[in-house]
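Okay, so chain A shows up in both of these, paired with chain B first and chain C after.
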Partner chain A sequence: MSKVVLTQVNKGDPLVVDKINASIGEWNSRSNDIDEQNVRQEGVDRRNIASEAVIDSPSTSASQIDSVSTASAMPAVSPTGGAAKIPDSDIGPFTYNSSDQVALKVNLSLHYEAVGLFIAGSGSGNLSSSLTSIPKWKVAIYYKDSASMASFAQIDETVRTITFGLVAIDKANRIPLSGSLSIAHNFTALGSTSTSSLSFNVRVWQDTNSLVLPITINNFNFYAQRILR
Partner chain B sequence: MAFRYRQVFFEDGDIVSPKDWNRNIAEYTQEFNGYLDRDNLPSSGVTSAMIKDEACNSVHSFSSTTDTTITGDIGVWQSTDGTTKFSEVSFTLDSDAMLILEWSGTWEWSHSFQLSSGGIAYRGISTTGASDDYVEYRILVDGIEVCRLPKSTFPRVCDSAYMVGAIPVAGGNHTVTVQAKNSRENDSSPSFIDVTLKERELFVWVRKR
Partner chain C sequence: MPLSIPQFNTGDKINASDVKDRLQRLESFLNGKITSSDLQSTLAWVDSDLIVRPEFYASPAPRMQGTTADVHHRRVSNNLVDSVIFFEELSNDYIPIPGLSASFHVADSAQLSVLCSFMTFEIGASDVASSVTGETNKVARLRLFVDGTGIRSTQRIVFANNDGRKYSRKQHSICYHHTAALSAGNHSVSVRMKVIGDGGSSRTFKKIHVAARNLVTNIQYR
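Then we have the complex of A and B:
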């Protein structure tokens, strides 16, 4: 609290320097310590607030928002050997400070397409009769702090599973799998409390099945944004 | 507006009264002690470090990787399987705000994999009554529905979805809940199939200023 307390000069008092300096001293010391007690309620408006003081915004090189997007199809991926990064899905680096920001919000939206599944015949999408489970694709957001991590790590809460239960009799009757997928994530996974080298990307992999079934990602948008105050 | 002016002008030859001196000083002091406003602050003078934490925004989130079950029941909305909540956050606001609500999650229908030469692989698809089974989700704020997802039907054995909504709220205690319904258009045999709700996250962005 930064309240100025005046030393009153009363009628008949000798005008000694101490009384004058006491008031001036109050002004000098308190003016360096202004807080919410000094400002009228709702007295500050947008003109007073510096750009990106509350939420990072795009369009400047200093901003802490980064995004990637595409309106065209990305190459089909067949990640049977582990999680494969969706091409060009890297964003960052971001500054993360758990004690000096409200949140780091990560958003992903994409459209996917895969061939339909069928039983009789041959070609992509043909299921072997020996299969014991339907092929699944999984998508997840990964993160890495370049200062302390050698490789990207999965954010477990962001794993999303895709599959389609309609299996056709033959290739001619198969029904393609397509749909959209979106995620909003509050990033808190970092072991340390702060870093300035945090990056994200998106990975996809095929789960529980050795059958290679490519999936294509379309209309991809991925961004992260710091909420500061 | 916080422009203040001295009350008394001193001229050469005046006998200065302490009362006049005090009035002038008090004029500025009163303003400084609680009435400064936009006119006293420079353009873009307030930086992030000067603003109190969560003065303009706060975030509340719920995320989980623990499986929970949405049991089949005609028309019944559920928010927990009795042990594990689907997604829920509670918080207290000291002022009015706009809540922006986002939820995404992934789920899987319980099923028996039956790859046969006959064609369709999954239970239900070739069995009368189960092919119209669906699961749907909605977000409620203090019991009021804000947004709802379209129905996702049984043939999408593993699926995911995302929904977003916004609602103004007053200061006080609030609870944001995600509910799910595993239902069908006609309550006929066979028996319902459980849905396992898997990875999920509820993001509540409180916009205050």
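Then we have the complex of A and C:
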């Protein structure tokens, strides 16, 4: 504890410079060793101590955010050949040190559209009475840890399926598919390497056992926030 | 920086300004000029009781104000009586939706991110239109606005009802991070609806409901 002890001047004593300087010296010398006993409850953030003077010392700044937003993310495609990256959906890298306490949350929202399904007639969306081949698309967030991974890997908990609930009798009555999808994920698969960085992107693919049908993804927002504690 | 109050020399004449200057240095140090170099650093001594506790407010503007972040939140139930109802005649502009809007004060430069979800549906299209095909008749656009500026990448669409069936009922969600840091001061976030009207000559829908409205606005200072 830093404690200032003033030199008392008693009644009747001569006021010599030594006594004043002793008190000044106490102020000067005690002012650089402040600890918890000098700070009252909630005192770190109020009045006495300069803003942000009391912070932890993580390897980089405490909060890092990276994001991408686009109204026209992916034109109508039929990604049956495997997971296709949504263009310009890369965010990061988010650096971290394994000795830090790291919280990393990832958020995604998008809008999707596809033509409606129907049984009788011809054209895109014709199911030909085969209800077992109703199209299914999947969307997932992928990640890569620079220290331990050569390529991006799927985050299993973020896989979402888009499919139809309605099939019309004919083309005239078909109902297009559209909606929005959101993913909020707290990323915990942090590596043990002392210093590393994480990157993310979003991929979409279609179930190969279903009718091949294009899907359009637009109004796309994807961001992640890393907080060091 | 530690205090640096000059000492007196023997024989100095002490004026009032000499005393005043030294007291001002002391006053300034104690009132917010204590910096990290003044703090004892051999032990980690800052515990949670020394940091300002978060404050929670329930109304009229529900929020949590913390040291490193604020959260402003809104929530309206899914009851039909709590729906916001929009009509074609209401306006040609984007209108803020109650329960999906928040105005707030930011204490310092901060990062903004928004999460929201809500449900929309239209009622009455089959009463006014001879034929309505499901999810082809767009009746409104929704966008997130930050400080009055619409964010195109957050657009969502509302469709007319289809002959009394409920195909057009949609659960919408938006996650958005604002790339420009907010400055200290007052700001607003809102989901707004723009009704796609046709001038009233041939109405194709009646009432647009927005229900089950949830909004979480995160203000990250550091």
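Here, the second predicted complex is superposed on the first by the 152 of 229 C-alpha atoms of A that agree within 3 Å, B and C clash if a C-alpha of one lies under 4 Å from a C-alpha of the other, contacts with A are read in each partner's own complex, and residues count from 1 in each chain.
The rule we apply is simple: contacts are C-beta pairs under 8 Å (C-beta built on N, C-alpha and C of every residue); 3 or more make two chains touch, one makes a residue touch a chain.
Since we're looking at a predicted model, the values are computed, not measured.
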Partner chain(s) touched by A:186 [first = chain B, second = chain C, both, neither]: first
Partner chain in contact with A:85 - chain B first, chain C second, else both or neither: neither
A:127 touches, of chain B and chain C: first, second, both or neither? first
Partner chain(s) touched by A:220 [first = chain B, second = chain C, both, neither]: second
Which of chain B and chain C A:166 touches, first, second, both or neither: both
Which superposed partner A:54 touches (first chain B, second chain C, both, neither): both
Contacts of A:228 with chain B and chain C, given as first, second, both or neither: first
First (chain B), second (chain C), both or neither touched by A:44: both
Footprint overlap on chain A, where chain B in one structure and chain C in the other make contact: 27, 31, 34, 36, 39-40, 43-45, 47-55, 109, 166, 179, 181-184
Residue numbers on chain B that touch chain A, as the complex places them: 2, 17-19, 21-22, 25-26, 29, 32-38, 41-48, 50-59, 61, 63-65, 102-104, 106, 108-109, 111, 113, 115-117, 119-122, 125, 154-160, 162, 164, 198-201, 203, 205, 209
Residue ranges of chain A touching chain C (in the complex, touch as defined): 2, 17, 20-21, 24-25, 27-28, 31-36, 39-55, 61-63, 65, 67, 69-71, 107-109, 111, 116, 166, 172-173, 175-184, 219-221, 223, 225
Of all residues in chain C, those that touch chain A in their complex: 2-10, 12, 22, 26, 29-40, 43, 45-47, 49-53, 67-68, 111, 113, 115, 117, 133-136, 151-157, 159, 162, 167, 170-177, 179, 220, 222
Interface residues, chain A side, partner chain B - complex: 3-4, 6, 8-11, 13, 23, 27, 30-31, 34, 36-40, 43-45, 47-55, 100, 102-103, 105, 109, 119-120, 127, 129, 131-134, 136, 156-169, 179, 181-186, 227-229
